[in-house]
Amino acid sequence: MIVRPRPGLLKLFFVMRGSIVPRIMPQIIGFGIYAAVVVGVIKALGLDFGNYGLAPFGLLGVTLSLYLGFRNNAAYDRWWEARKLWGQLVYDMRNLSRAALALVPADSGQARPLLMEALAFCHLLRGQLRNVDATAEARTFIGAEADTLSSVVNKPDAMVRRMGRRIGALKTSGAIEVMDFRILDERLASLAALEAGCERIAGTPLPFAYTLLLQRSAYIFCLLLPFGLAFSAGWATPLFTALIAYSFFGLDALSEELEDPFGTQANDLALDALCRVCEISVFEALGEAAPKMTAPKRYYYS
Amino acid sequence: MIVRPRPGLLKLFFVMRGSIVPRIMPQIIGFGIYAAVVVGVIKALGLDFGNYGLAPFGLLGVTLSLYLGFRNNAAYDRWWEARKLWGQLVYDMRNLSRAALALVPADSGQARPLLMEALAFCHLLRGQLRNVDATAEARTFIGAEADTLSSVVNKPDAMVRRMGRRIGALKTSGAIEVMDFRILDERLASLAALEAGCERIAGTPLPFAYTLLLQRSAYIFCLLLPFGLAFSAGWATPLFTALIAYSFFGLDALSEELEDPFGTQANDLALDALCRVCEISVFEALGEAAPKMTAPKRYYYS
Amino acid sequence: MIVRPRPGLLKLFFVMRGSIVPRIMPQIIGFGIYAAVVVGVIKALGLDFGNYGLAPFGLLGVTLSLYLGFRNNAAYDRWWEARKLWGQLVYDMRNLSRAALALVPADSGQARPLLMEALAFCHLLRGQLRNVDATAEARTFIGAEADTLSSVVNKPDAMVRRMGRRIGALKTSGAIEVMDFRILDERLASLAALEAGCERIAGTPLPFAYTLLLQRSAYIFCLLLPFGLAFSAGWATPLFTALIAYSFFGLDALSEELEDPFGTQANDLALDALCRVCEISVFEALGEAAPKMTAPKRYYYS
Amino acid sequence: MIVRPRPGLLKLFFVMRGSIVPRIMPQIIGFGIYAAVVVGVIKALGLDFGNYGLAPFGLLGVTLSLYLGFRNNAAYDRWWEARKLWGQLVYDMRNLSRAALALVPADSGQARPLLMEALAFCHLLRGQLRNVDATAEARTFIGAEADTLSSVVNKPDAMVRRMGRRIGALKTSGAIEVMDFRILDERLASLAALEAGCERIAGTPLPFAYTLLLQRSAYIFCLLLPFGLAFSAGWATPLFTALIAYSFFGLDALSEELEDPFGTQANDLALDALCRVCEISVFEALGEAAPKMTAPKRYYYS
Amino acid sequence: MIVRPRPGLLKLFFVMRGSIVPRIMPQIIGFGIYAAVVVGVIKALGLDFGNYGLAPFGLLGVTLSLYLGFRNNAAYDRWWEARKLWGQLVYDMRNLSRAALALVPADSGQARPLLMEALAFCHLLRGQLRNVDATAEARTFIGAEADTLSSVVNKPDAMVRRMGRRIGALKTSGAIEVMDFRILDERLASLAALEAGCERIAGTPLPFAYTLLLQRSAYIFCLLLPFGLAFSAGWATPLFTALIAYSFFGLDALSEELEDPFGTQANDLALDALCRVCEISVFEALGEAAPKMTAPKRYYYS
């Protein structure tokens, strides 16, 4: 995630960090050159394609912008929902801390292990969503137990079950009452719910047909456009073709990036930083030294 | 459901798996040929229809894109809501597993049968939504009891009732307290809620008048378009007519596919895979050998 | 509600069931004839109105489509929210059945009367929303008690109160515990909530000014359009005017139909069928013979 | 709130009740006259402004319709959310009635005063939202106690606190159990939540900059339009200018009306009628004579 | 936040308070002068750029308005969600007051300190969101305890924990029952949830790539526009260019302001006033003298 002040006018066109321009440069330059060739050939051969005008492009442009707008909205909604789920994680961790410290008897010594398991859950969830191995981070909190998860398919789910067994044992032993159990269990249920929500977003891309429909339409549009523009715009045709390619493929590429919000691209969510926020909340609640907030690298939070 | 990396430019135009092009090929080709005939006749007879221009098509195009955009949004919302309901199923199964193992006394031997009934519920729900017989899968989990459901109208609902009777008996016998009952009952209520949500989506299509309004407008639009384009676009008319037919009927066909998200078409939801996710969660919670995740067939999850 | 397979191309233009064409035929034909007269007079008198062109219509068309799109979205949202509320009714009836049978002691004999009152609630709610007398259906379930409701303003609300008194008496008599009461009371609260939601939709139409704004704009637009089209489109003017009237008034009429989703028009909700779904759920839960699902009449569920 | 059947074609243009035309008549007539003057001057002086055409207006029109559409959606959402909150009020009153009669012991004599305070809450909330004095109505239900509220800033909030004290006293005296208290308290919390929601809508207008941006753009657009239209549309220019002013300022004025849904303008919410619905529900629940539903004055519910 | 009556026509163009015009004046004037220079040069050199027309700008304008519309909707949603969260704060404070006074025994003397901590929470949250030091305000309510927070990273979160410890101690000492604890704890959980929501909005800006995409497109559009307009609009070109720059950058600047709703700009939320509303509610509930509502400074609430 990029957090930075809005660049000034001069800088605006040279910022590359977080921009999608580098990813769509092939299309911008490619269509620019292609349009120049089309104009050159038309002028050289003295062809006259000009009279079919731009009107059909207007009709196509409306549907194309319909596709682009829909896909962008859907992708952004996924991104923002994912952020909400991780915001809920922060909230659940704080509530769990408060509840554990208030309800679990201090002499049982169970509150701290429970919260450490919760922190391991955060990292294991991040690991699962990003397809990276978070066992090392989990080990920081739950020690060698983290290694027993290697054979488990769904590691964060296993963590929630482990926490469930812990509070179940507290209830069975009479250390906590049934209503205490219920309050703690609601927090675990909330963790399970947000995990399922994250898995849904990570595992279910937008219907593939949208990608095909949008990309095919955009390519055909840009391939035909120079023939429509050549007569009226002359040598400005490559410029306009490149600009329109930029506005189409730019939004397309950004939508693709946001569609899977758990990646590590520039505009994806800062899961590392959010895990750190959870750690700070838990350790402050325990009255222990909290780690420092992660610092961005050139405006970027991983 | 199709899950695959975005195809490169060369492949983009030849991907058929998940594309809606095969379904709308008749319209694309049909309108292309029709437009060619119109242009041919106009040129042969020296008719001059050109002067009524494209402006009225612009007006019609705005309303048509309004229809298309609305229908697409509504269909996608149904698809995504259906996915959320099945994500909730995953979450409910995990919560039910955790709750059953923590609350139902081990010596009652009731936790495992309860969870097996829950898995049968998943498959019976899938069967009902897809209009297929899921008795075989249900039998895997609940044995011959699955066959007693044959006379029941709503099989998944019957399964929830059976689970309700089981936890009711546990409460009556004093094996679980009233608060335990409440926690378990909330899970069953959640299963019943998501079943009713799925039935709502499966049983209530978008108002039929939208289909008529949209399709009629699109057909009339494409039938008249060649007369508007012939004069200015000449022999490029068939190309543009086919393209515009593609952009209209492509989104229309995709919307139709997403409108009923429980089917087995390429862009429908992967209910089989989601049932498997539930199985894995339950068997891992029970500490038993979990089945493997289903593998896609040519990028397609059924 | 119409449920039918999508008609083929040939049938598409002749389907009348569920279509809004019959309702807007006067506008389509009227504006067609009107446009023909305008063109005829212009040609006969050799007037030249052609030069004010179509551009102002483009500007007006954008705002008009803004109105149409907004109103359609708002109407559809009402329709879909109404369907969700009735889906919640189905879910509440099933949950109430399960809870009543699990919590109300069999020897009290109160579970069945409670569920019969719930079914009477469904029919009385349908009756109130459709402005029909549902006393006959209510009598099927609660006998002569149904007739005591004649003086009550809000019959379904009275039914919920009656159920509330029944479970209150069970609690007072000690037949059920306070937590049992709470679980049952939550179901009644849910019924009351969905009733209030339905009343809100039924009793609060979209602000009347939208109807005026939209209809006035559409009429003036179509009245002026032939003067704008006559010069460029000639005798095709009546065809385009009728088409544009179709696309405007078609969506307008459909929005009006969906705005009040509880009626009995072709695209309204199938309240009769949904009441039957509730009956089936309750009787199956009671282990009694369930009535058959209602059959559609020419694809139409009432 | 206006509730009336849709007017026929002839009546459509003469309905003033609920229409926003009277409020924007100055703009419509003003811009019509202005446009006529512009055309007259251009023709008299033989100026030729015609060649800068309408294209820039098309570009401006797209952004202007973006503003209009956004503001209308936001205003309508506020209006509909406000209606939902008052629908929740109806639902809460019914639930509170049912709960109070079931849970509060009859011999305590506290159920009726509690419900009377709830009715006073409805009227005091209405009074606060409409900036009118509702002490007279409150006095009907709670007698002289209503006058003790005169020094309180937030009267409905004080009412909820009074109800809270009443049920708190019941709990302290042992008349109700803690779970009974919780059920009743949840209703009070719901009343407090909807009050806060109403205050939010009433106290936070849409950001003022939107109004400025929209109105300035609309005025400048309409001031320049006649210069763009004069050449091509001639003496039809005043007609089109007035029409476009109507479509812009009409939606603007309606949005402004809906933005504050608690007023007493034609399209505002019928708070008087909704308070009456609450009264009917409570008195029917008490088994007392319920007041009659309010009758509309010329289709208008206050 | 600006709250003021809608200005009349004459005043409309001179209102600067709350307007975004001052912030985008450089762009408006800059592009006006730039366009004048372009027209001047074209006329002086007798260049003929006119024939590439405005059609490509129409295509670009559609995508640009797509970006603008999306960003504005997303920014407004953030602003409104932030307002809802602070509305929930008001509601939670009232509920907490009612619950504390009803449930916490008067002789424990704990209700008032709890509510004072809640008020400190409000101010500390405001301080954190606005990056200002709110220790002084917190000291008003909790005295020297406020200074012990200086080393804490997340001050409002620490406040909630402190309240949690207070009610935990009440439960441990037997002063309140477990259900009382649950009711109070639900309020604290709600405070924690809204804090996490505010942090999410404050800490996660819209993806940076949107800003780049939108601003770059808008600048390039306005830089090219005069070449497209010069031929047809002549010396009106600077006027139209400035107008279009106004409509683009005006919405862009407003979106940027709303995107971070917790600032102190004219259209940001009135957190000071909302904190005061909370104070009034708490002190009225305690029966103490409530502070006065804050008065706006020239229509502006800070």
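Lettered A, B, C, D and E in written order, each chain numbered from 1.
Note that in this section a residue touches a chain if its C-beta (ideal position, glycine included) is under 8 Å from a C-beta of that chain, and two chains touch if they have at least 3 such contacts.
Quantities reported herein were computed from a predicted structural model and do not represent experimental measurements.
Both chain D and chain E derive from one sequence, and where they touch, under half of the residue numbers involved are common to the two copies.
Distance between chain A and chain E, defined via averaged C-alpha coordinates, is recorded as 24 Å. Spacing of chain C relative to chain E, judged by their CA centroids, is 38 angstrom. Contacts with at least two other chains are made by residues 58, 62, 69, 179 of chain E. Contacts between chains close into a ring here, every chain touching precisely two others.
Taken in ring order from chain A, whose neighbour in the chosen direction is chain E, the chains follow as A, E, D, C, B.
Against chain C, the residues of chain B that register as touching in their complex are 49, 51-53, 55-56, 58-60, 62-64, 66-67, 69-70, 74, 152-154, 157-158, 160-161, 164-165, 167-168, 171, 178-179, 182, 185, 188-189, 192-193, 195-197, 199-200, 204-205, 207-213, 215-217, 219-220, 224, 227, 256. Those residues of chain D lying in contact with chain C across their complex are 1-4, 6, 9, 12-13, 15, 18-21, 54, 57-58, 61-62, 65, 68-69, 72-73, 76, 79-80, 83-84, 87-88, 90-91, 94-95, 97-99, 101-103, 177, 179-180, 183, 229, 232-234, 236, 239-240, 243-244, 246-248, 250-251, 254, 257-258, 266-267, 269, 280-281, 284-285, 290, 293, 299.
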